[in-house]
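Note that the chains take the letters A, B, C, D and E in the order they are written out, and that residue 1 is the start of every chain.
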Amino acid sequence: MIDRLHTVFQTTTDRLSAVLSGAVRRLSAQLWRRPGISAGLLLSPPLGWFVLIYLAALAALFVSAFWATDSFTGEIDRTWSLDNFRTILDSETYRLIAFRTIFMAAAVTITDVVLAFPFAYYMVRLATPGQRIALFTLVLVPLWSSYLARVYAWRLIFAHDGVLNWLLHGLGFERVEIGYTNWAMWIVFSYIWLPFMIMPIYAALERIPYSLFEASLDLGAKAWRTFFKVILPLALPGVVAGSIFTFSLTLGDYITPVLVGGPGSDFIGNVVYANVGIANNVPFAAAYATIPLIVMAIYLIAARRSGAFDVM
Amino acid sequence: MIDRLHTVFQTTTDRLSAVLSGAVRRLSAQLWRRPGISAGLLLSPPLGWFVLIYLAALAALFVSAFWATDSFTGEIDRTWSLDNFRTILDSETYRLIAFRTIFMAAAVTITDVVLAFPFAYYMVRLATPGQRIALFTLVLVPLWSSYLARVYAWRLIFAHDGVLNWLLHGLGFERVEIGYTNWAMWIVFSYIWLPFMIMPIYAALERIPYSLFEASLDLGAKAWRTFFKVILPLALPGVVAGSIFTFSLTLGDYITPVLVGGPGSDFIGNVVYANVGIANNVPFAAAYATIPLIVMAIYLIAARRSGAFDVM
Amino acid sequence: AAPAAPNYPQTIGKGEGALNIVAWEGYAEDAWIKPFEKDTGCIVNRKYAGSSDEMVTLMRQGGGGEYDLVSASGDASLRLIYGGTVQPIDVKLIPDFENFVPDLKAPPHNTIKGLHYGLSYEWGPNVLLYNTDKVTTAPTSWSAIYDDAYKGKVSVPDNPIQIADAALYLAAKDPSLGIKDPYELNEKQLDAVVSLLKKQRTLVKKYWALASDEIELFKNGDVVIGAAWPYQTITLKTAGAKVADTIPAEGATGWADSWMLSSKSKHVNCAYKFMAYVSTPAVQAQQALFFGETPANLKACEEMDKADKGSCARYHLNEATTYIKQIKFWKTPQKTCADGSKTCTDYSVWQTKWQEVKG
Amino acid sequence: MNEIARQDIENAKTGTAEEPVIVRLSAVRKNYKDVAAVEHVDLEVRRGEFYTLLGPSGSGKTTTLRLIAGFEKPDAGVIELSGADVTNLPPYDRDINTVFQDYALFPHMNVAENVAYGLQTKGVPKDETRDRVIEALRMVRLQNFGDRKPAQLSGGQRQRVGLARAIVNRPKVLLLDEPLGALDLKLRQEMQLELKQIQKEVKITFLYVTHDQEEALTMSDRIAIFNHGRIVQIGTPTDVYEQPADTFVAGFVGTSNIIRREGKRFVLRPEKIRMASLGDLFDETGLHVEEARVLEAVYVGMFTRYHLALGDGTEIVAVRQNFDRTTARFRDAAGTTVQVAWRPDCLFELR
Amino acid sequence: MNEIARQDIENAKTGTAEEPVIVRLSAVRKNYKDVAAVEHVDLEVRRGEFYTLLGPSGSGKTTTLRLIAGFEKPDAGVIELSGADVTNLPPYDRDINTVFQDYALFPHMNVAENVAYGLQTKGVPKDETRDRVIEALRMVRLQNFGDRKPAQLSGGQRQRVGLARAIVNRPKVLLLDEPLGALDLKLRQEMQLELKQIQKEVKITFLYVTHDQEEALTMSDRIAIFNHGRIVQIGTPTDVYEQPADTFVAGFVGTSNIIRREGKRFVLRPEKIRMASLGDLFDETGLHVEEARVLEAVYVGMFTRYHLALGDGTEIVAVRQNFDRTTARFRDAAGTTVQVAWRPDCLFELR
């Protein structure tokens, strides 16, 4: 297992350096052919440094995942081992938390797609210019207030005696107890990251010529069919971009679980925090943090094998 | 002043409801004219509810900003007052923190624009398809690992005996002490949110026809001029979208200040956290959280007056 | 790392002009910090931490030396000591030290081998808080929070040290386990405690992370019973909520905070000035009343009564020497038990187990 | 006698009166806010006709087509399809298909999928769909392009895919909105021939929009000339070219010279004018002869275009087929005076 | 004598030999990977010429233009501008401007800013810039459109902005890559006239790319015919139309009938063929006369196109100017036999 991982590591490094040196070669070729762009590359030194540090940070993360920490003093023991990964895989709790995090990120992403699509569609196709500005404001305004404040606002809503129950009660419904549950987290996440889904889908929808919509109706397709066969596939790049945003933002979060989650709401981020904060066990935290990365990598490789990317 | 604020509030509410009812009217008109789209609107009830709750949460937040809390008992006093805002404006510390937060958000945004632009440009114009996939991976991979883990990785780099100093020392440079300073925050923020800038700029650049670039060279402009007069203005929507993302994400953050900031690194989010977490002073926290919102609103209104949006 | 060696200053010299402290929220209020700054010229930069874990993290960051002082609780203090993060304090330089509650002069959570790594500050028990409307007969045992009766209406702190609360309860309920010290559990004992906590999890509405969480939960009716601090009881009561608290028959765990000095402090003089200042009866009383806890300085009793009649008795400062024995103060669990055997479970194990409990 | 000519003559005689009316618009009106896009349109298209809507930009041709397709609802009037009122039916319930000016091909589907789309929505069985798609692609000569994406095709090929996608559904009526507008001349001429060929093959009624008069003349059975949201003339190509209803039609359909004689205004087409050197005789009798000064001569390969000034100063254009290889004869004479002549019945009086 | 004709004749006589060569390409070659876009091109454009590159799609016209503009570097050969070698200069150092096929207007600048762009990069003073922009817009008749954004203009107007943006710089040479390719017929014809007008006015050398032969014939002083990355013929419009160098040129420049006689192949243009009913006499002597069967007749307004079969089965196309209002004469005869005739010197032998 270690051998295999080592090989993978080696190969990845080799590929990366091949790609980078290829890029450099290509760049200089371009420079010769198009002297005009050379000035544009004055920008590249800071970029180069940044990429370097960026990679260093990533590498630091991955490498430390293979180290260990003395549990009491917090000193790092720099001998290579897969213990951290073994601990994670052996523990039902850690598996569950990783699964919960990824599942929630996926659920939030899907929810946001479902909510953002008609919203963006309305903005692009039906809204007057004035309405469009109003809706944009509606989408963007919350972004300018503190993340925390928005989460707290939701606590006010979900509390046992909160706004939601007051409303439900007033309307003659049963009170609900969704505060401090995973349902609450789901709603809050969906709300917080919604603008990050609306904007790319809006951009994608804006680029679809209206005539394609008409062509579909003309060929006998009703709205649903048109949506699934024409609009959705063509808006897919926007959906993918938005999904990357919402998925990764949810995946990396650890505050919302603390603030609106209940028992059994911990995220990978919380475990990472606990491990760094308490045992100062950076290696374990790093190992745990790479779990979604590994899951995503496997998923993407599988998706690629199956040809899912050829559509794009 | 209160009167004025009240009027503003009233007007805003009126406008909003006018816009919404206008939207509804327009929607039903469209439904009649284009029966084909009606099915697409089956999606709208959940959206409607969501928007409603969304607005409720926002309203709850803003309204509470005008309330007060008994500092000792923590009881909320529901009488309208501008005391919270007065406290904020009178206190040098609070002013400083608000300024720091907004300044940092702006600095990070600018940094990310500067870094993302050449990167995205390279991806769009110069990279081979293979390189493009590699670079995309490079941009996206970090997003799949926990936010916290990435921040911790930076701590390893910046630490007194960390990677950076080890590197500098190895290369014969002086050690630097940028860990736990605002500089560290700046770097970490810029790194964490960079993908959120690269992606929209990439999308924007991809849409600029290459012939515009050639036309500029043809008319005697060299690369720099072409960049500032043609490429940048046309990529502006992407830059704006990315800026909204990075600015708001930085603005709302409060973890990075805790983890990599030093003394004097607190953000608005930290003050909000402190006020809600300890003094249980939700109104003050709400008031403080709206500060960037007010700043942005003033800025946007000014920008609009000056005609900055006409370009778009 | 090993505990740092003493490096006492001869006298308290001129202040360095600044002092960086990590404190619990409410531990460095303007009310008493401003006068200190004016008197000494030491400008206090405050960093509030939300948890003991965060405090440890903050004190270790940058290789230490970013912060001078920390108001560490017992579940963090030993970690700071054994991590070499803090240095011994020369109590001779603190005039009020002699007025401290005897048990807090050299308690095991901040004093190792006679070296004072921490200066005791304020303390208090972890109480059983309940809503008097919903819980009509006053509970007398911790069993109330392990009882199905309040399913979905219970809240306990989100902190691995919470295991000790359960252990304290189990020690009384099931003596066959042989739990003597709730902070010293062997694996078998720990497993028993954890299985109890796992059962409790199905009753819990929320594990509270911040003091305000608990207050909100009670105020909004989300929760009717739970483990809390006296501070929360007081806040809720003044806000008009119908709550009461009690120390049940099994006794209670509690916290005792200490000011600890970073081993790499750059503002040692200001730090000593600060420690001396906050040990004075006046500040101790102010602090106690603001936060709802008990001072270490016995002389603070008069000051408390002066500000709030009867508060000295309410916080048991008048009988501190005996009252304090009821409380099992937080301390960091270690592998080495008090008897020197290595059969106990350490904090990282607790932390893992706590994660399992929460899920 | 060839197909078109025969049909043309028959139309002229009978007006395809024996074929049933398939599309009928009665008093149709459509406003966009305060712009009247279509003011009052009555229209009858008979089965199997190649019917063209011709008119300048903004005259309401596209709007008329969109009303028939169902993309817009008229503010007044009735639209009938095979005698049934379809005014309120959505596009997918009308047995009509459209070939869009911008093709509107689905970029994420390959050619075969694009063509199959309409059949799939109708639930046509898989086998039949496949066969009909192959047949339609054969008809537009794209048999081997089924797997390509639209982006991999040239403009002309895309246009043909758009056509195949429509005809594969065998609609009663095919609407074509300037289908060749974006193509270059050569390709457009080829496509004109192909379109005509396909219409003969599938026997579908074509309702065709263009603002290219030559295209309208060569392809149509009947032409409706639009101006300002109204139809100003309906007739066969010869009708509208040789007997324009008014100045507008005369000017829009082909180049036309307007000549004033005895207070009346006459239309004279450039190709009706014969030219001869001074003193030469014309080979036909009964011609009206005048003198004119040659202002300019432009060589266009097949013919030469002459700009002339008549005695009264009227500037007219005449064309002359280049029968000879040396074209210098009249070009050299530019600036000099020549005789021009036309048959008096070629003057068509304008009211 | 008119301007164009005079110049045409002068060119034919002197080949504008007295004017200096302004663009010279010598043995230029350009490959894209393994595709040879331009194989071997020698080219000389003289000052003030309207020089057209004509050829089918993919023949290397655009590549040649891009090499001259400096957007591409040749793999071999030399490019000279006014005698100076510019092969290695970037676009902004060449005194050349381009009108792009897709216009390439800057969408974020208004018309005036677009036109001013080139002057601003050269640091022309503000006042002068303003005057020259106004002058250029006047020239393309867009005086009042300075404030509009490109998106608010029609295709033809955008095209003219592209032109103004180029000519305002008064370059030595103006490169135009199918500038009218995307316009509809009517607009294209108008723009052709305007372009010619403007060229006369600004006296700039035009290097013009098109694949529309009629456009090339009416506008050019000289035409270079491209095929497969090589130039197959260079000559005046009359040269290339009346004396094509080979079958390719004959077929590409106008419709052409290929007739075999005595084992040789001849080109015969459709307009050179006269038609008469059997028994009628032709009005000219010395004609070669044959009989032919009329297959089809297509009415095109100005003329009628006849598809004929000669006695040996060769199918040919003939056109006949519609001198009369009734065009039925020959159309009715479709299917019957007629006489066709041509002057023997109109047959041009192909080698």
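Here is the rule we use: a contact is a pair of C-beta atoms (placed from the backbone, for glycine too) under 8 Å apart; a residue touches a chain by one contact, two chains touch by 3 or more.
For clarity, every value in this text was computed on a predicted model and none was experimentally measured.
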Request  = Going chain by chain, each one touching the next, work out the least steps from chain C to chain E.
outcome  = 2
Task = List every chain that touches both chain B and chain C.
result = A
Inquiry  = From the centre of chain E, which other chain's Cα mean sits the farthest off?
reply    = C
Query = What is the chain whose Cα centre is as far as it gets from that of chain D?
reply = C
Task = State, to the nearest whole Å, the distance from the C-alpha centre of chain A to the C-alpha centre of chain D.
result = 55
Note = Averaging C-alpha coordinates per chain, one finds the centres of chain A and chain C separated by a number of Å equal to 38
Message = Residues touching two or more other chains, restricted to chain E: which are they?
response = 90-92
Sequence positions of chain B contacting 2 or more other chains = 36, 217, 222, 273, 276
Inquiry  = I need the residues of chain C touching at least two other chains; which ones are they?
reply    = 54, 57, 216
Of chain D, residues touching chain A in the complex = 69-71, 90-92, 96-98, 100, 102, 104-108, 117-118, 121-122, 165, 169
Query = In their shared complex, at which residues does chain D touch chain E?
reply = 1-5, 8-9, 57, 154, 178, 181-182, 184-186, 211-215, 217-218, 237-238, 241-242, 253-255, 269-272, 274, 283, 295-303, 307, 319-325, 327-328, 331-332, 334-335, 343, 345-346, 348
Remark   = The chain A residues in contact with chain B across the complex are 15-16, 19, 22-23, 26-27, 30, 36-41, 43-44, 46-47, 50-51, 53-54, 56-58, 60-61, 64, 114-115, 117-119, 121-122, 126-128, 130-131, 134-135, 138, 140-150, 152-154, 156-157, 163-164, 190-191, 194, 196, 199-200, 203, 207, 217, 222-224, 226-227, 237, 241, 244-245, 248, 251-255, 268-269, 272-273, 276, 282, 285-286, 288-290, 292-293, 295-297
Ask   = Which residues of chain B touch chain E in their complex?
value = 209, 211-212, 214-222, 225, 229-230, 233-234, 236, 311
Message = For a test of understanding, state which residues of chain C touch chain B in their complex under the given definition.
response = 20, 25-26, 45, 47-48, 50, 54, 57-58, 61-63, 66-67, 210-212, 215-216, 235, 238-240
